[in-house]
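First chain written, first letter: the chains are A, B, C, D and E, and each begins at residue 1.
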Amino acid sequence: MAGPALIPAGDFRTTYAADTTIFPTKTSRNFAIAGVLLLCLAPQFFGGYWLSILIQIGIFSIAALGLNILVGFTGQISIGHAAFFLLGAFTSAYISNNAPIPVFFAIPLAGIVTALVGLVFGIPAARLKGLYLVIATLAAQYILLDFFSRAEWFSGGSVPASAEPFSIFGYTLRGDKQYFYVVLAYVLASYILVTNLMRTRDGRALVAIRDHYLSAEIMGINLTKYRTLSFALAAFFAGIAGALYAHYQQVVSQEGFGIERSILFLAMIIIGGTGSIMGTLMGTAFVVLLPESMEWLSLHLKGGAIDHALSLNTNITFLREIAIGLIIIAFLMFEPDGLAHRWRQIKAYWKLYPFSH
Amino acid sequence: MSDVAHIERPSPSVVPPPLLSVRNIEVVYDDVILVLRGLSLEVPKGAIVALLGANGAGKSTTLKAISGLLKTEDGEVTRGEIMFDGSAIAGIDPDKIVRRGIFQVMEGRRIVADMTSLENLKLGAFTRSDREVDADLDMVFNYFPRLKERTGLAGYLSGGEQQMLAIGRALMARPKMILMDEPSMGLSPLLVKEVFAIIKKINRDLGVTILLVEQNARAALSVASHGYIMEQGKVVLDGTADELRDNEDVKEFYLGGAGDQRKSFKNLKSFKRRKRWL
Amino acid sequence: QIAIGHLADYSGGTSDVGTPYGQAVADTFAWINKSGGVGGKQLNLDTNDYGYQVPRAIALYKKWSAPDTKVAAIMGWGTADTEALTGFLAQDKIPDMSGSYAAALTDPEGTSGKAKAAPYNFFYGPTYSDALRAMLMWAADDWKAKGKGGKPKFVHMGANHPYPNAPKAAGEALAQELGFEVLPPLVFALTPGDYSAQCLSLKSSGANYAYLGNTAASNISVMKACKSAGIDIQFLGNVWGMDENAAKTAGDAADGVIFPLRTSVSWGGDAPGMKTVMEISKMSDPTGKVYRPVHYVAAVCSAMYMKEALDWAAKNGGATGENVAKGYYQKKDWVPAGMEGVCNPSTYTEKDHRGTMKVDLYRAKVTGATDGDLNDLMAKGTIKLEKVKTVELPRKPEWFGW
Amino acid sequence: MVATSLEVRGVSLRFGGVRALTDVSFSIKDGELFSIIGPNGAGKTSIVNCISGRYKPTEGQLLYQDRDITGLTPNARASLGIGRTFQNLALFHHMSVLDNIMVGRHHLLKNNFITGSLYWLTGARKEELAHRRKVEEIIDFLDLQSVRKAQAGTLPYGLRKRVELARAMALEPRLILLDEPMAGMNFEEKEDMARYIVDLNEEFGMTVVMIEHDMGVVMDISHRVMVLDFGRKIAEGDPAAVLADPHVKRAYLGEEDEVLVDPDDKPAAPECAA
Amino acid sequence: MNTAFLIQLLVNGLVVGTLYGVVAMSFVLIYKATQVVNFAQGELLLVGAWVCWALLAKYQVPFWIGMPMTLVFMFVFGIAIQVLILRPMIGEPIISVIMVTIGLSTVFQAALKWMFGVNPQPFPRVFESQSVNLLGLQIQTVYIMSLVVSVAMMIGMAWFFRASKYGLAMRATAFNQQVAQSLGISVKSVFAMAWAISATVSAVAGVVVAVVNGVSSGLAAYGIKVFPAAILGGLDSVGGAVLGGIIIGLLENIAQYVDSQYLHWGNLYEIAPFYVLIIVLMIKPYGLFGTHDIERI
């Protein structure tokens, strides 16, 4: 719990405004700003590989953020998020290919279209709870994917749809170095928007529904409205992320967006910490980096002493998969509340250092 | 702790070994929140002991520390020991503690909402394997006839009915000791009296030792032989029920006014006297 | 050293076929290195199991396309990674020799109007569509040969998913042309399950020829379900959906299924090039006793085509991606040296990446129980792959790109 | 003539075979402090649930400020100014005390998910701060300063009840329904709570409906009392008179009652009681 | 109207539906006791299938010994998973435990491929005659086995939850672990029991599908496929799970009929159950037999 006790002594607030800032202390705000500035320099220092990892983390974290609104804040589990991601991707590709609308505008438009579709699939949410709702989202996943397979005009059917590269006012961005800034801008914007949302009226309403929907209703919160709204919001960010992904890859294909990916999105927010905005980012990074680091590890084991001892060669791929699963399990055993929670505890520890209680 | 204000009294010549003794325990929630700061208390076999204290003093935490349920709330006994019937029980799983004979009636009823009253009562007897379960069921229904009438799911019972069910469920376990967390909460005056009569009765007839946490101090002290008063994680005062009843502070803060003149809730002054023992 | 990227799926959803294919690529390059490399240079094959996950494939690709560590070419794998990389490949000018045979990838300039330009995508073997076309042609003859009257009925089966759907339009169009009655497609999921309902539908519609568009596990379910429901139908398999292992699992249900082979012979077949394949196989199996399924042999061909393209590039301005791609265009109807009689002669041009139009059709023959080791089953002849027909498709412009 | 705040007309409520309420009628005047007492399971909470919209009466009508609200959803009633607390705490456990109370102001705030997200640009910030100020007043009133930022779920029972009260107050209700506000409190805390309730009624001018089992409190602070038993109204009127009623004694208080009934200590009825 | 065809489809739906029911039941068991949505259910089924396969094909054990051995193994295996992996998670947020089952499914998938290879394998012949004729439809004998087993298990489970002390304990644990513990119920052993029974039940289903389809990692997909069945019946009802399974089985087959006879949509078989499911849920939000949440404040 990051209670009031954890704000360093001497940091007094004199106005309510000062008490509602995103960052609890000046230092943390400065750190955040410095972090963003450092990220801006990333393309200068990182090779294509790391840059693409960063871009992927950025894109997926936007989608995960949307899912966290739904799961973490409103308390409704969805395993259809990948389908909305894909819908955003196809929509943006479709819009930018077929209408005289530059990609710059196609991306938010795709977000809005996805949000509207999310709204439709959110209707059952007004009535269903828990797992029953999960299955409704599973249905959304299947129904949307089925639609993509059928609607050749929209998705290209068995041929992947192509998406234009990102362009703004006639200037086309090419390559990861430039696209990185697009993603960074979207990540920043999304995270700030959601942070703001959560500290204002509608955000509180969502959390209230999660914690106690019956009393939320009696406090004047329209359950139906907010439950469907949170679906729309989740879909919106999934759509934006999907659109960004489409214009990054420049092709959009159904491949790889089944339930497994929906579950992966879920993994991101659970590992990061449900209901934590920063946790979402951390969780996404974890989920993206885990296989990469295992890859790296297995590469370095190859040909080494351990390799010979265990005669790994092809087995290593299975060991690696097993390791990925086990690390996730071990991580959750060690930190069931997610990375965000551990992060807060570390911060608390240092603030109170050297007193442990 | 040294700052416990003991009321002087002649020590009885034969001291029976306490059934439960809690020695100097410290409890931390969530690795950081220190709630009990060196609390000690003793419950003699066959006695009713009352544990009183303001909201947030840590009464429920104390009970959960004894029953082992603290674990389920990210809490931990970090110091001190808890002895029950001659053996240490701190750190043991709650279900094992129940099998050793301590049963806690938790604050806020905590009945199993999606089962019937009967099933709830049967669950109370989960750790028993004797044949008298059915007889005890009748006993409980005798105490609380209302429960027999309500055959639907327990979750739809009214607050007070749920409270009766919770107490009945404890009786079904036939424990050596019951930890009761605010059994009178939400009960009508008539039922409060009944509940305390039942507490007294099970203590006397069944020989169950009871540690009673109550806000209704007047009623609690009327059944208890001994009482502890807690503030902010420590015992600040203890003594026999009579001694406590006569203590001025206890009168003022727990019994409702010094002297026997009850002051009206309507005409309260806003100022508050500082408690003497703080 | 010349760096080559290699995407393999040993652990993911396509690992059953990905494993022999990937192994063959690794073996071939090891063998090439052992026999002196390319233009005196050793090849540095960076094999990575990406578990059929697109994001991982992209990350790997970015590693391989970084300026300082840029690879000369990529040995790709499935539909998922190939589609995801197509755009990047064109930008970075890195050829990708993959195992995805979608016709859409054969159009380097986008002139067919049916797909986006894919200038750096290559593969060895007939496209999915061409394979199905060949099978339909065989089926038309088969129908006549059997002397049954009336129109034969054809039905496309598979999941509603890009992979099974890839040859659907092409197949149905040709079937129509060939005088088949084309029935509405039947859908079954990509995973094993109970598909008796589909079989009963086959029966009730009286279908004669059914294309199984999925990957092996679910095709097996259909074949077995239809067998036990006693349905008499000629199944037409697809490259990734039918092989020795599928025949083994499906047992007698797989008996008689027709399917396309990318090479003119299978393991141990009678061809001069088979000796080279055996040599290559020893790279990972020194005993030389292991039976290699069709995907292994096909992958050896793919890798050997890549090798020759690299050879040319190394001699003509260095092994850059651009040069390697040009390497493919240098000869007509060529077979990589040492692979004679195994790989089918192929031709790649700047305008048309349909390597080969020749499709070898085989029939699975299963006689007896199939539990036990695949080596034994093949040795004993319990499972046999019989060549049925070789179809030479015309390189029709209207078949280009779909 | 004081306007009627709430009128309950012949309300009955059945759950399958259980008759929670049978033909209950009463009316509450504006500014009144009205208590409902009765044995456990008598239907007290049920009537409050009917008023706040949680339950829909099987029969009968509810009029709030002369308007029929029987068919309204709970959230619509909140906007009309009906607030309540709960018998079994119903706080938002993972939210801070401050946010819990801010939720109470939901219907008074205007910003939505778009303006809220844009925070600085749309005046949402200004609005939030303005309401924050109001909430701070409530916090001061209820002495909750020290736990403002604490997670509601970790608070001790008594404080949670107080936070609930704060949340209900934040609604700025005209009519506030309190379901056993003093259950589980020690004497001292009851005193505090009683004082808050009286202040709610007198200073803030809210009409209060209170369910309570502590007869001392009920006697001292309520203007009128209604007694339910087995879902039926068995008595209504002046506290002292009601408690002296033998029927009530038998059903509710038990025969020898130790609660002191002091006829002189009766609270004054609202200023201009009819 | 092709009546014979329709009847055959319906019979098939019924038979396959009971199999779905068995898997759904194993899924519901864990949910009922632990509130955990087990995303590794399909993998449990797969483990059962492979183990039985290994006994029969590799070690040449006869079926009537191999099958009970598989069940015993799975029982122990279920306990082992619980003790090693899930026990430390008791009391942690449910969503984290769900995530752990996702991790488990990754581990199982990889481990099974490692141990048994990536290729599908045929299941040894188990029954003398592969199929029997039922109303003009050839039904695989093994499906009949699953039918018998599922009915027996359903009755057993229904009794267990309604009447036995441990059934009550399991329900109490599902309701609230803290409360259960305070009653002297060992949450650990209840969970272990739930996992053990669930693993055993899945193994039955695993062997059935393996006999029908051969063994391959794809069989794990049954885990997700029966989600709708479990939901349709109502999550906490064992009988409902079986009934839900049967309904889904019937629906698939009816959809196939409608599709192949009239609509020619293609994918109705896979999608129709989902549409029906959503409609059913809109009318009955807790499935057909699920208990409603208590909404009382």
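One rule holds for everything that comes next: contacts are C-beta pairs under 8 Å (C-beta built on N, C-alpha and C of every residue); 3 or more make two chains touch, one makes a residue touch a chain.
Worth saying up front: this structure is predicted, and the values here are computed from it rather than measured.
Visitor: Considering only mean CA positions as chain centres, point out the chain farthest from subunit D.
Guide: Max centre-to-centre separation from subunit D belongs to C.
Visitor: Farthest chain from subunit B, comparing Cα centres?
Guide: Max centre-to-centre separation from subunit B belongs to C.
Visitor: What is the distance, in whole Å, between the centres of subunit B and subunit E, each centre taken as the mean of its C-alpha atoms?
Guide: The separation of the two C-alpha centroids amounts to 45 Å.
Visitor: Just how far, in Å, is the C-alpha centre of subunit C from the one of subunit B?
Guide: Whole-Å distance between the two chain centres: 74.
Visitor: If you average the Cα atoms of subunit C and of subunit D to get two centres, how far apart are those centres in Å?
Guide: The answer is 73 Å.
Visitor: Subunit B to subunit D: how many Å between their CA centres?
Guide: Distance between chain centres, rounded to whole Å: 29 Å.
Visitor: Which residues does subunit B have that touch at least 2 chains other than itself?
Guide: Residues 33, 156 of subunit B touch two or more partner chains.
Visitor: For subunit A, write out the residues touching at least two other chains, lowest number first.
Guide: Residue numbers touching two or more other chains: 1, 146, 149-150, 214-215, 318, 320-321.
Visitor: Which residues does subunit C have that touch at least 2 chains other than itself?
Guide: 10-11, 19, 160
Visitor: Would you tell me which residues of subunit D are touching subunit B in their complex?
Guide: 15-16, 18, 37-43, 45, 87-89, 154-159, 180, 183-191, 194-195, 198, 213, 215-217, 220-221, 251-254, 257, 259-260, 262, 265, 267
Visitor: If we count contacts the way the header does, which residues on subunit B are in touch with subunit E in the complex?
Guide: Against subunit E, subunit B makes touches at 67-69, 71-73, 93-96, 98-99, 103-104, 106, 110-115, 119, 122-124, 126-127, 153, 155-156, 169, 173.
Visitor: In their shared complex, at which residues does subunit C touch subunit A?
Guide: Residue positions touching the partner: 10-11, 19, 23, 48-49, 51-56, 58-59, 61-63, 65-69, 79-80, 83-84, 86-88, 91, 102, 104, 114-116, 160-163, 165-166, 168.
Visitor: Flag every residue of subunit A that touches subunit D in the complex, lowest number first.
Guide: Against subunit D, the touching part of subunit A is residues 1, 3-4, 16-17, 19-20, 193-194, 196-197, 199-205, 207-208, 210-212, 214-223, 229, 233, 275.
Visitor: Spell out the residues on subunit A that touch subunit E in their complex, using ranges where they run on.
Guide: Touch list, subunit A to subunit E: 71, 77, 124, 127-132, 134-136, 138-139, 142-143, 146, 149-150, 214-215, 259, 263, 266-267, 270-271, 274, 315, 318-322, 324-326, 328-329, 332-333, 336-338.
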